[in-house]
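Chain naming follows the written order as A, B, C and D, and within any one chain the residues start at number 1.
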Amino acid sequence: MDFALDDRTRQLQDRLLAFLDAHVLPAESVLAEQLAAGGDRWARPAVVDELKAEARRQGLWNLFLPHSPAGAGLSNLQYAPLAEITGRSPFLAPEALNCSAPDTGNMELLEMFGTDVQRKQWLEPLLDGAVRSAFCMTEPEVASSDATNIATRIERDGDGYVVNGRKWWSSGALSPHCELLVVMGKTDPGAERHRQQSMILVPKDTPGVEVRRGMTLFGYDHGPHGGHAEIVFRDVRLPAEALLGEEGGGFAMAQARLGPGRIHHAMRLIGMAERGVELMCRRVVSRVAFGSALAEQGVVQEWIAEARVRIEQARLLVLKTAWLMDTVGNKGAHTEIQSIKIATPALAEWVLGKAIQAHGAGGVSQDFPLAELWAHARSLRLADGPDEVHRRSLARRELRPYRDAARTA
Amino acid sequence: MDFALDDRTRQLQDRLLAFLDAHVLPAESVLAEQLAAGGDRWARPAVVDELKAEARRQGLWNLFLPHSPAGAGLSNLQYAPLAEITGRSPFLAPEALNCSAPDTGNMELLEMFGTDVQRKQWLEPLLDGAVRSAFCMTEPEVASSDATNIATRIERDGDGYVVNGRKWWSSGALSPHCELLVVMGKTDPGAERHRQQSMILVPKDTPGVEVRRGMTLFGYDHGPHGGHAEIVFRDVRLPAEALLGEEGGGFAMAQARLGPGRIHHAMRLIGMAERGVELMCRRVVSRVAFGSALAEQGVVQEWIAEARVRIEQARLLVLKTAWLMDTVGNKGAHTEIQSIKIATPALAEWVLGKAIQAHGAGGVSQDFPLAELWAHARSLRLADGPDEVHRRSLARRELRPYRDAARTA
Amino acid sequence: MDFALDDRTRQLQDRLLAFLDAHVLPAESVLAEQLAAGGDRWARPAVVDELKAEARRQGLWNLFLPHSPAGAGLSNLQYAPLAEITGRSPFLAPEALNCSAPDTGNMELLEMFGTDVQRKQWLEPLLDGAVRSAFCMTEPEVASSDATNIATRIERDGDGYVVNGRKWWSSGALSPHCELLVVMGKTDPGAERHRQQSMILVPKDTPGVEVRRGMTLFGYDHGPHGGHAEIVFRDVRLPAEALLGEEGGGFAMAQARLGPGRIHHAMRLIGMAERGVELMCRRVVSRVAFGSALAEQGVVQEWIAEARVRIEQARLLVLKTAWLMDTVGNKGAHTEIQSIKIATPALAEWVLGKAIQAHGAGGVSQDFPLAELWAHARSLRLADGPDEVHRRSLARRELRPYRDAARTA
Amino acid sequence: MDFALDDRTRQLQDRLLAFLDAHVLPAESVLAEQLAAGGDRWARPAVVDELKAEARRQGLWNLFLPHSPAGAGLSNLQYAPLAEITGRSPFLAPEALNCSAPDTGNMELLEMFGTDVQRKQWLEPLLDGAVRSAFCMTEPEVASSDATNIATRIERDGDGYVVNGRKWWSSGALSPHCELLVVMGKTDPGAERHRQQSMILVPKDTPGVEVRRGMTLFGYDHGPHGGHAEIVFRDVRLPAEALLGEEGGGFAMAQARLGPGRIHHAMRLIGMAERGVELMCRRVVSRVAFGSALAEQGVVQEWIAEARVRIEQARLLVLKTAWLMDTVGNKGAHTEIQSIKIATPALAEWVLGKAIQAHGAGGVSQDFPLAELWAHARSLRLADGPDEVHRRSLARRELRPYRDAARTA
């Protein structure tokens, strides 16, 4: 057992932290100004393009992709501490590094399951940061946590497919740069539970695709990142070559996509929590009430200590999960992947809630990033299934040997 | 001891509930449409004017005002259950009934401390719902919970006053209907702690008044209600008659304004929590996951039961506080007024958080009122001082006899 | 609505508080000494007898009994604040006043359902404090919260009954003063669910009754009060006249017994919480760490304030429940009775836990009453069914109208 | 970074788990019987001696001691997972393995700071398990978390020392096997803060030593392990050679003793939490209520999942702390040592509280080990300073750079 990061990871950490300090954090207020200046709510503000160019120049680009020549060749365990750093500014840094969801997951899918033609058409411009993509999975009418519930149909029709259905929370889809929709639907509702689904690549400008509106998260539309779209697919016709992987392979591909995505989200949440601690500490040493700095108040000290204790524990669990993914794969890391899905959004929500409290009314406003970070963390307790679903599933696995023993006894 | 509401209160409850069901709740989606249609972010949507007219027609108007012929003559204890009902739709119902903060508090101030001329000029159109007003107390640079910290100056200058300072969270001030700013500032920084402050009536269009921007609460700007303004006062000149009450009376007036306002807020929060329970229950009986309605899940049942148990307790405490205010006055109800300030925002936050969780990703979006209600409740944990300040003060009062005893011993 | 206690209640409060201060609280250390001196673990220490005599002399005796000439004629609402006061010293005061569970509930049963002979034989000496009794309901093998689960049999046999079964947590039964066991069992397992059970009066010295051992609560055996017994009934023969009420009436009698018992327990828990606050406050003003009294620490202040806010709410809910019991009866108060069962043990546990923390290691020891009070409160979260059972039941009632509406829609 | 345990540790884990299953867990009920049989409350029951002999036979003896030929030469990181296993039966396993506090810490002190004579006299029989020892640090009158508060005096007098003072919570001292008291006191109250204290080795039978009574933890006296003594030292004369280390070295020695002790405690708490999960799972698969096994209830599943998620995080943090101790020493692991002191008792308390709840009233009784485990975990939140002291200290360290930056700015 060894808790030291390897040299390469440490060097990348240093470079990334320097990039954050020098470029990303100062860009946050620029972004706010560019947004306040109005214009198309969904257009990418200029500052994001500048950051992308700078990250690329510094070689901090596509760090997430382990197995492709386009990526940095980092293991999950090596990439995780870098993802954490991007979490300190989650509305700018991941996109700047071309490492933002859902593009990362979609690129991984294309890399693993795409044909040469699909990779040429979509993976290359995505790796290049020239276009963006969305992942259309969640549906308004059904519990999103269960892939077998999906109602969207991908039906064979002659030499192609026809897609019909309604999706929402398709993140990024409102961006004019988003050209690709990876759509999950059922090709064979009569097949075995986990062989009913397929994925298909839908150019956003295909007739029948209607991007209807953006969903809000506690009042935030996440505009510059392309929002969270509700999309209706009405008789959307696609050639057979648009199918990703094989028919019936949708569920397995979603699972393959899931593991690394959870690590990325979890580590960014750790980073968001660290940002919360940092802002809280900075605030309380300078803000005076009742004759002394807030930092002198026992209640504030409790928050800070508790935040530190919780963050350290959660980070170690995510790192161990990444290590398990690298050594025994998705399946062997099942309990841990679920554990970090449960633990990290709640952690970040808690820490950011305390940081808000330490900022008074300013904390809920646009004058600090805390409220928006909080809303993001809170939403991640629901995205991909609410906590309760994951706890239920984890508990059932934990109980299995006891049930078996009780049965035998 | 008697826990039954009197007949008049019960009759008003019935009429108000009927008004909510028939007019206010259906108006919520109309409001959303009128806002989505765009136009001036701060203008009052037509649906609000219609509700105001209807409430007036039904005699559900100015119910809050106890001692004026214009009011309904209700005690705090009688008005409290009505305020609760308006809390079920807090962005529409209070304004529809001309019972929304900060107008209610300002009207009470004018009624208690205004001259005949001031009442004629401001109280009458406010009671009439023709104009609105803002209360300018909180300042960005200092802890808002301590009135003695106020930096804004109201300086005597010849036969008038000159106001200089910066305020924020002046709710409603961005509305074009808002014509009056009640401003708290220091007339004599050298006086005894609680005699330094005065209040002055500032017409919003006075030269030197700059309404700079609206603050957001999480991502909500609370637009239709007139937002939460940052306002700069630069050499704002006013005649001597603009002063409300006497010089040095600002702190005492603020205290007098405080008690009833806390009751109103607390009861509306109870109503918000009830709305959360209602939406949660409605959702979980109809939403199916893993083969049964969410209502069958033990975790959801725990939320509902716990919500009921907590709400009942909090409501009783607010009602007792109202009763104390009616019988022994603000001072005798000090501990209880502080207690409901601590208890009710946290209660509503908790209940609404669970209701959101029961709604999945929809819960954080614009498709349900939950996220906006939550953000409102969360903000009320900070408005008028964070929880921690109130707990600290309450604890010190609780400890006083023990300290005294320890000293004597 | 009126939150003032009536004059009679207030006078009794004053007298009872004076009795506590003058006699009961000083007796706590005497009790500890008499117990430490050894001897029969289950015998009643002399100090208890002295307190009983004094209470009787002062007319503070059998205050709980509303409808009997032997009682004080107090309503539930009037008795509740007195029960609270006894909760400040729950291992001495209730017994001193002849108002301790399970005797109170048993006396109520005898008064309502006993024959003249039964009342003569058992109620009179109980009211007189000459004997004590136990209530044998809970069984080790089944969920105690469901009376229909009961396995103990009361079988008709010739002109009498034969009892067989195993009970535990029969409080008080280890006391040599305990002469009567009120036993719940099934007379007709084939009858309708709530007509299967009966109650029978079993003299403890009946052949076949074996008081096997005392159960501990976190290491406490609750010795002086008679402990919590496990009792085996083996072919225990009783005459027909030993049956209490009618055959099949056991469930209804248990329900009738339940309501007032819950009020008593809940109010005593409020009193226990108040004792916790008092000890905590006294401690923190005198204990110095890191250069100032603990009372100066923000964390401690948070505990005290939060305790006050929670206690006030819980007390009001119990009082309202008592009022409902008096005005609309057990059934109309169903939700509230359940609510106070959920709320008050958890409240007392929380407050006492903080008080312990404020006392450092001393808090868990015999040098303060806190640890034993805590263990008692914690156990009351389980006695008569764990919280979860009550929350589940309460939630189902709350959900019923929504389910019905969903079904109709 | 590598999360795999090394081979030696894994082999020892296997052997230790087998020892637990085959010998220790079955001995728990034997211990209960031997204690119930009465006799000297503080004497070591025979079953403990049998376990000691068996552990020794199997070579599972003195595993904790890293640097001595008598120990197993394990690093902290290697020993930690073994300490966890002993935590599953903390009132038997550690003593069986001669790895129980406070003997372990005292042996480390003697090994590091003892003279040859002292090691011969005390370390050898301790390593041999022939005698036991106590550590006399905490005092009733002062905050035990601050070594500079100590009031006990160790005064030079001629060619020896005289000890005067009062200690409590001297664990193990009531055992007849306990022959050595390691006493902390002040030799020079006028010296620099951390040079005032010394330690001295006091044979328990020295005149002037009065072991006064055992403290209880909730209702447990921890009898078989030797209890928790209050001890008065009245003019206790000792030769100069009884001093451990140098005069003024007491504080530094206490610090050196602290780190490993915290790791041991923390890992045993992890083991206690695991025992709680295990008992809870076993219970809920077999116990039926309302028609299905408790394991089917969502609330119970939440407890189990949450327990798993929390335990995994805490264990990783303790392991990392052990690794830091091994690689950078006590000082470099300061924050982490404090973090595990904060995190692990609270974790075990939480998990065991849920396990108790799942066991109903049985959970608080002697029929399951849960209540006693809980009381132990709860007490460890206070031993060596309450949580609040550690959080305060940790927060101050976290805030330091921000304070410095604020000062410079």
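Throughout what follows, a residue touches a chain if its C-beta (ideal position, glycine included) is under 8 Å from a C-beta of that chain, and two chains touch if they have at least 3 such contacts.
Listed by chain with UniProt protein names: A, B, C, D = Acyl-CoA dehydrogenase.
The model shown is predicted, which means the values in this text are computed figures rather than measured ones.
> How many degrees of rotation carry the C-alpha atoms of subunit A (Acyl-CoA dehydrogenase) onto those of subunit D (Acyl-CoA dehydrogenase), rounded to the nearest 5?
About 180 degrees, rounded to the nearest 5.
> By the contact definition above, name the pair with the higher C-beta contact count: B-D or B-C.
B-C
> Computing the C-alpha centre of each chain, which chain sits at the greatest distance from subunit A (Acyl-CoA dehydrogenase)?
C
> Could you tell me the distance, in whole angstrom, between the mean C-alpha positions of subunit B (Acyl-CoA dehydrogenase) and subunit C (Acyl-CoA dehydrogenase)?
Each chain reduced to its C-alpha mean, subunit B (Acyl-CoA dehydrogenase) and subunit C (Acyl-CoA dehydrogenase) end up 42 Å apart.
> With chain centres defined as C-alpha means, what is the inter-centre distance between subunit B (Acyl-CoA dehydrogenase) and subunit D (Acyl-CoA dehydrogenase) in Å?
Here the centre of subunit D (Acyl-CoA dehydrogenase) sits 53 Å away from the centre of subunit B (Acyl-CoA dehydrogenase).
> What residues in subunit D (Acyl-CoA dehydrogenase) touch two or more of the other chains?
Within subunit D (Acyl-CoA dehydrogenase), residues 297-300, 302, 388, 392 contact more than one other chain.
> Where on subunit B (Acyl-CoA dehydrogenase) is subunit A (Acyl-CoA dehydrogenase) touching in the complex?
138, 140, 143-146, 168-169, 215-221, 287-290, 297, 299, 356-357, 360-367, 371-372, 374-375, 378-379, 381-383, 386-389, 392
> Please name which positions on subunit A (Acyl-CoA dehydrogenase) make contact with subunit D (Acyl-CoA dehydrogenase) in the complex.
Checking each residue of subunit A (Acyl-CoA dehydrogenase) against subunit D (Acyl-CoA dehydrogenase) gives 1-6, 77, 277, 281-282, 284-286, 295, 298, 300-302, 304-306, 308-309, 312-314, 316-317, 319-320, 323-324, 327, 335-336, 339, 342-343, 388, 390-392, 394-396, 398-399, 402-403, 405-406.
> Mind pulling up the subunit C (Acyl-CoA dehydrogenase) residues that touch subunit A (Acyl-CoA dehydrogenase) in the complex?
Where subunit C (Acyl-CoA dehydrogenase) meets subunit A (Acyl-CoA dehydrogenase), its residues are 297-302.
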